[in-house]
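Got some structures for you, see below.
Below are two complexes that have chain A in common, paired first with chain B and then with chain C.
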Partner chain A sequence: MQIVPKKVLLVPLDPVHDVALKIINRRLKERGHKTLLLPPDISIEEIVDQASKVKPDIIMISRTLGYGVAEVLSKLIDLLEVVGIRDRAKIVIGGKAIKPELAAELGFDAGFDEKTSYEETIAFVEGRKYEVEEEKFIKKKKDLTSGYSYKFNHQKIDKMLDEITEETLDWCKDKTSSGINRAYLREKMIELKEQNNIPLQNRNKRLTSLQSEYLKNCDDLIIRFYQEEVLPKKVRELTTEEKESLEDYIKKSKEIARTKKIQHTTDKPLIFFQYGTGCPIMDIAHIKIGEAWGADGVLHFDPSWGARTEGFLEGYLSHEEDGSIITEQNLGKIKESLNSSTLWTVRAHRGLNTPETVVLAGKSGADLTKINIVYGSLNAGTDPSRLTVDGVEAIKLAAKYNLAFDEPTNEELGGVPAYKTFAGMLIVAKLGLKLGAKPILKPLFCYSPDAMITGRMDDNYIDYNAAKIYSLHKIVDAPIWPGEPIGFMTHTEDRIQSSMTTALHAALATSLGVDAITIASSDEAYSRGSISVTSRIDTLRAVQETFRFLGKAKIKPTYKAKEWSNELVSQIEKVLEDVLRKGSFVAALYDGILGSREDGAYSGRVGRNTVFSK
Partner chain B sequence: MSSKVLGILGTAKNTGKTTTTSALLEMTTYRKLSVGLTSIGYDGEDIDNITGLPKPRIFAQKGTLIATTKNCLKSGTAQIKTLKETEISTPLGNIVIGEVIEDGLAIVAGPNKGDELSVIIDKLESFGNKLILVDGAINRIVPLMKTDALILATGAARSVSNDFLIKEVQCICDSFDLPKIEKKGLMNLKNIKQKVITLIQKDYSKKYLKTNSLISLSDIQELINRLNKETQLIFIPGVLTEFALNELIKEEAKLLKNKNIIISNPTQFLVGGNTISLMDTLLKIKKLRINLKIIKTIPILAITVNPFYPLYRYENSRYEKGWVNRDELYNKVKSVVNIPVIDIMKEGGNNLFDIIKKEFNLN
Partner chain C sequence: MNKIDPLDRVVDSLDVETFIICQNEEEGKKLGFQLMKDLGFKDVDVVFIEYGNGGVRIRLRANIFKPGDYYKWLNSKNSIVKREVI
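Take a look at the complex of A and B:
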């Protein structure tokens, strides 16, 4: 589009703040416009006098507001109108806290504040429609696994993983559990509800029959809910009024929803956060606000007792404590609220409902799930045999529903050294690949007990975290998503410190080129209750600022990072050799090869002796 | 019957314009009078854009016609059906004419230029409104010259000094009350271009002086050079700033005695000066027996006074609600003007509405 040169009078009515006008002046001149920048702090009569002489097309005035300033600005507009300039020239006010409403009140044609981009002001001068960056920027959902070959660069490790997983799949092939039964019953129930061609009466009859079968595979807590309508403690159903306001909230928040790119000049890492306030309404509020501040994805965080209970509840349920209850209805509403670009993970990895969670995640339209048999068995309390059988089935379901799954290695927080967690993670990744699923590696960026004991982070938090990434690159070409959240155990109660450490770990993640990161809110470690939305915004803003600061520049780790990465690879190799020597992945879990009692790992007891033959 | 248009002119923010408008709106509903409403600013918002203090809301009843922007339609609780869209743009979108179909709060942001206000008034008139209310903005005066009559709203938000307020009120009222030049005295002056000062001599010959729209001191000097004993009338079409006016009467006061100085309307010097010193200048002009006359003016029907003001607290950088003594303010203003003075918050809109009804002959 050809630019029609305009005459622009720039008026710094403010005695000091004229930098913005000087920048606009330069930019307008560069685009061929004729400008006159008046000296600061002149009288309104002088401005009118100059405007009468210059006959500008546009007058841009900058002024910081205070009481009494509105009257001066209105008088200026009156003067410009009475001398006939108002009809000819567009008049704009710019300054801190100037909103369109205030511009309208003062009689101006437009109002720009500190958030207005220079591009917008130039577009206004040139009479072009300005597309707001956020609007111009159409956020698209990204596939974290895209572009990865999953080819192993380390042949020996590849071969060992192959053998271990063959053995594991073979061990699982004739075994099943109530968790697996429920998963397929749940699948049938959902599919039945989706079929509109079956007469209602028949459908209800079949649903009742499936539900009765489902209850045969559940704990008493769940059976009592379905048969006697007794809800577990601290759980209640949303009231009709709450459900209506939830509908309204989703509708309204979608109407005003905007997304923005949090990354500066790079496309990754994508930013995820975990929600799980217990209340689906609050969760949606967190999600919508997170999306507005640039979050790319969210993870559903359920209550810990959910992992220890056989079976799921139903309905729109709220939980008084941390963790939001997984039900078909709760997940459905959360999905409805999500922006089309937001990646959604429903974690399934660690308990008795792992396969059924994958079914619910898949049927609810989730993009990702979370499965790690090793972490679930060693630090999340589930029996290794049960979780291996359920985990393998869950991975098959993840493949069926095209859900990539991430593998958190949070047993490191209990004290298990990183190399053991990595060995376990790689076994599960290999299982995933064999079963047609797409695993995402999730090393921790944390100040772990092992790092403290071995002194690897005495000097800095960079080298050992970098070593973890380098070591994984040496082994396999797979997506990496450090978590969960980054900077774990470096956060304190101080929100500034907490945001800062998250932001610095995000800088390291960017520098290392990882695909995604999960960030905490600034009060996550010490909230003593629900996380606040303002703290959520703290870290999103801090991370955005870090991305702006870092751009494409890199953080340079010391030589230690390479050294430790080599050491990690050898240590992983050794652990896998030990697993092979044991001859059984499940036995290796029980025996502490992938994390021992001395390390701080305890094989779980929940669901012990619940595996049976098919 | 054509519509009558009432403008609510303020001396500053928070002087009671919207409270007055709201009271009149309520009265029109009560007295079953069809009414149209617009604003030359932004009114009806819950929180003041500068002080952060609560603002008076505009409650619009079914049947009221409102000219506001598209964006504002969504912001209020009143259900407003769009009757006509216009091309008049504002920072909040184009202005539309709508009819309230369900009572509720309305946000009103209308045209902020005089000519655009005329267009909106015509459109509201075409829907058959008997009365059109135009809520003012801050202290803006020029667009309101397109109305038929004004209510002047002043109060402590302008100044907590009653002496200041009464002097300003006097200045504004006296300016609007300046004698109008008789038709025969006009001698086609209305057709003379803006930016040309015209001196008419006793023999009816004319001298012209090209100037800027804003009369400068050098323009005044040039005017003085052309002034002589034969000059009978001086027509000044541009904005006569207080400095320029003072310069004129200082230099050639004797020559101007008993002469007519004609200006288009009172805004031409009200916008160019400080009302307090302008009042002194007007008194001086009177004393010098210079006849300052205007071509067009509109009546100020009443003054509303508001004792409220936003009190700035330096210790926390916030505004709080403050009030001056209501009776002192009311009585002082009443003592200097010969038009009705009303405290809307205390009296309601009844008396004010009766004044308007009488002036506009509304039934």
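Take a look at the complex of A and C:
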């Protein structure tokens, strides 16, 4: 639209507050309007005199409302009318507590308060319809892996990873498990339900047969649910009324959905948070509120017992404790609630349902999943052999469903040094690349036990976290998404401190140019109850403010970051040499090469002796 | 028009953050719980407490709806209130 230049008289009637008018003055000039900004605190007679000389199209007056001000403003309007300005110029008033109704009452054409944006003011001058910024902003879903070559910059590490993963794939090739069987049975069941061309009776018959096969691969807890309708403790089915109300809630929340950008002048990192309140309805409330405050993505967290149980339940299920139960129906409803731009991760990595979770995630329309064989084996309680066989199959399924997968290195929280967790993460990343999937590296930004013991964070939380990112850059060109959540073990129950530490770690993340971060709520350290939605908003707002503060500026780590990154690369090299010497990735897991008992890692027992030949 | 109970619209919990004059953290906690009880809340907790000279900075939480409860705000009449357009 072509701008028709206007003559604008800007009048700071307020004795001191003329900043807003100065900003408007600059913006109007930049857009080719002719402006005259009068000095502050002049008499209304002088204003009228100036207006008579200038003959403006618009007069913009700024004045904070206070005692006696209304009379002064009315008098000004009267005088402008007397000299014939009122009829030819639009006269607007802006200032604190000025409402459009009051402005109209005093005889002004418009009234702007402190919440009015400069864009709206400019639009008024130019006679344009103002589009609210957040309505104009259309958020698009981003691919975190886009633009990465996955080329290894460190040839020796690349070669070692190649050998280790060849051995691993070879070891897995003739092995399977009940978890893998279930994954493919689940896939068949979902696909069967999707086929509308099969007569209902035939379809149900085939479904019953598949379900019966499925149950042969499940634990008693799951079998009892399907056969006797017995739900696990603290689990209940949503009522019909709840389901209907939820439908309504999703529908209405989508109708009014608005998106917001947390990042200021950069496009990354994207901001994720984890949900898993136990209840899909509450999860959806958290997601919708998180989206409204600018979250770019969410991660589904299931209950810990879900990782130790062979098989999944079915239906719309609510759980009284942390972690939301993975079912086809729960995931489906959560997916339905998401904004089209929201990235959705369903974690699969650590237990007996890893491949089946990937199938459910893929079929439910997730964008990402989470797989790390090493963490699942060493700190999440699953037997290394079982999780290697299942993990490799899960990665194949992730490739099939085009789900990029992130690799959390949370064994560091148990005490495993970062370099060992990185060696494990790189092995799994290489497996991913060989199987056609897209891995995302997930180093921790945390005050880990190892960092405490070695004193690497005695001075600051910056250098060692930066060293982790530098070291990964030296090794491979791959997306990096620190987590999970950033600032782990630096949060306290103090809401301000908790939000602050998250925001500062986010500042470091943006300075280091990482692709995404997972942030905690300000209830992160509060363990006696569930996370409140307001605590989610706390950290989203804190991060937004940090990004506003930082813009394209960066936090500068000290020389130690480079020193430690070189050290990390050498240490990773050494661990990989040890794995190669061992001759087997799985044996290396059992023997503590990627994290030992002394470090605080214990190879898991859940699912031991459940791997069998194909 | 039926009177709306605002607590029916609270998604999960209600926090009260204040400073209570007391001798130590223990007393502050007791007074905090008493305050929440007097306000009529049953399921309450101290989320955060920190003693400084002469009193505690305290954040108390009343749980209105916990995950797994039947949320009154989910009722279709209450679920989402469209923003008023001026």
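The definition used in the following text is that the second predicted complex is superposed on the first by the 498 of 614 C-alpha atoms of A that agree within 3 Å, B and C clash if a C-alpha of one lies under 4 Å from a C-alpha of the other, contacts with A are read in each partner's own complex, and residues count from 1 in each chain.
Methods note: a residue touches a chain if its C-beta (ideal position, glycine included) is under 8 Å from a C-beta of that chain, and two chains touch if they have at least 3 such contacts.
Here the structure is a predicted model, which is why all the values come from computation and not from measurement.
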### Task
Please indicate which partner A:237 is in contact with in the superposed arrangement: first for chain B, second for chain C, both, or neither.
neither
### Task
Considering only touches as defined above, state whether A:53 meets chain B (first), chain C (second), both or neither.
first
### Query
Of the two partner chains, chain B (first) and chain C (second), which one does A:111 touch, if any: first, second, both, or neither?
first
### Query
After superposition on the shared chain, which partner residues are touched by A:100: those of chain B (first), chain C (second), both, or neither?
both
### Task
Classify the contacts of A:71 with the two partner chains as first (chain B alone), second (chain C alone), both, or neither.
first
### Partner chain(s) touched by A:83 [first = chain B, second = chain C, both, neither]
first
#### Entry: chain B versus chain C as contact partner of A:578, first or second or both or neither
neither
### Summary
chain A residues contacting chain B in one complex and chain C in the other 100
### Of all residues in chain C, those that touch chain A in their complex
11-13, 15, 17, 45, 47-48, 50, 59, 61, 63, 65-68, 70-71, 74-76, 79-80, 82-83, 86
### Task
Show which residues of chain A lie in contact with chain C when the two form their complex.
100, 234, 236, 239, 242, 244-246, 248-249, 252-253, 256, 277-279, 281-282, 285, 289, 318-320, 492-495, 523, 526, 528-530, 532-534
### Summary
Per the touch rule above, chain B residues touching chain A in the complex are 12-13, 40-43, 45, 49-51, 69, 89-92, 109, 112-115, 137-143, 194, 212-214, 216, 238-239, 241, 243, 267-268, 271-272, 310, 312, 319
#### Entry: List of chain A residues in touch with chain B within their complex
45, 48-49, 52-53, 65-71, 73-75, 77-79, 81-87, 99-111
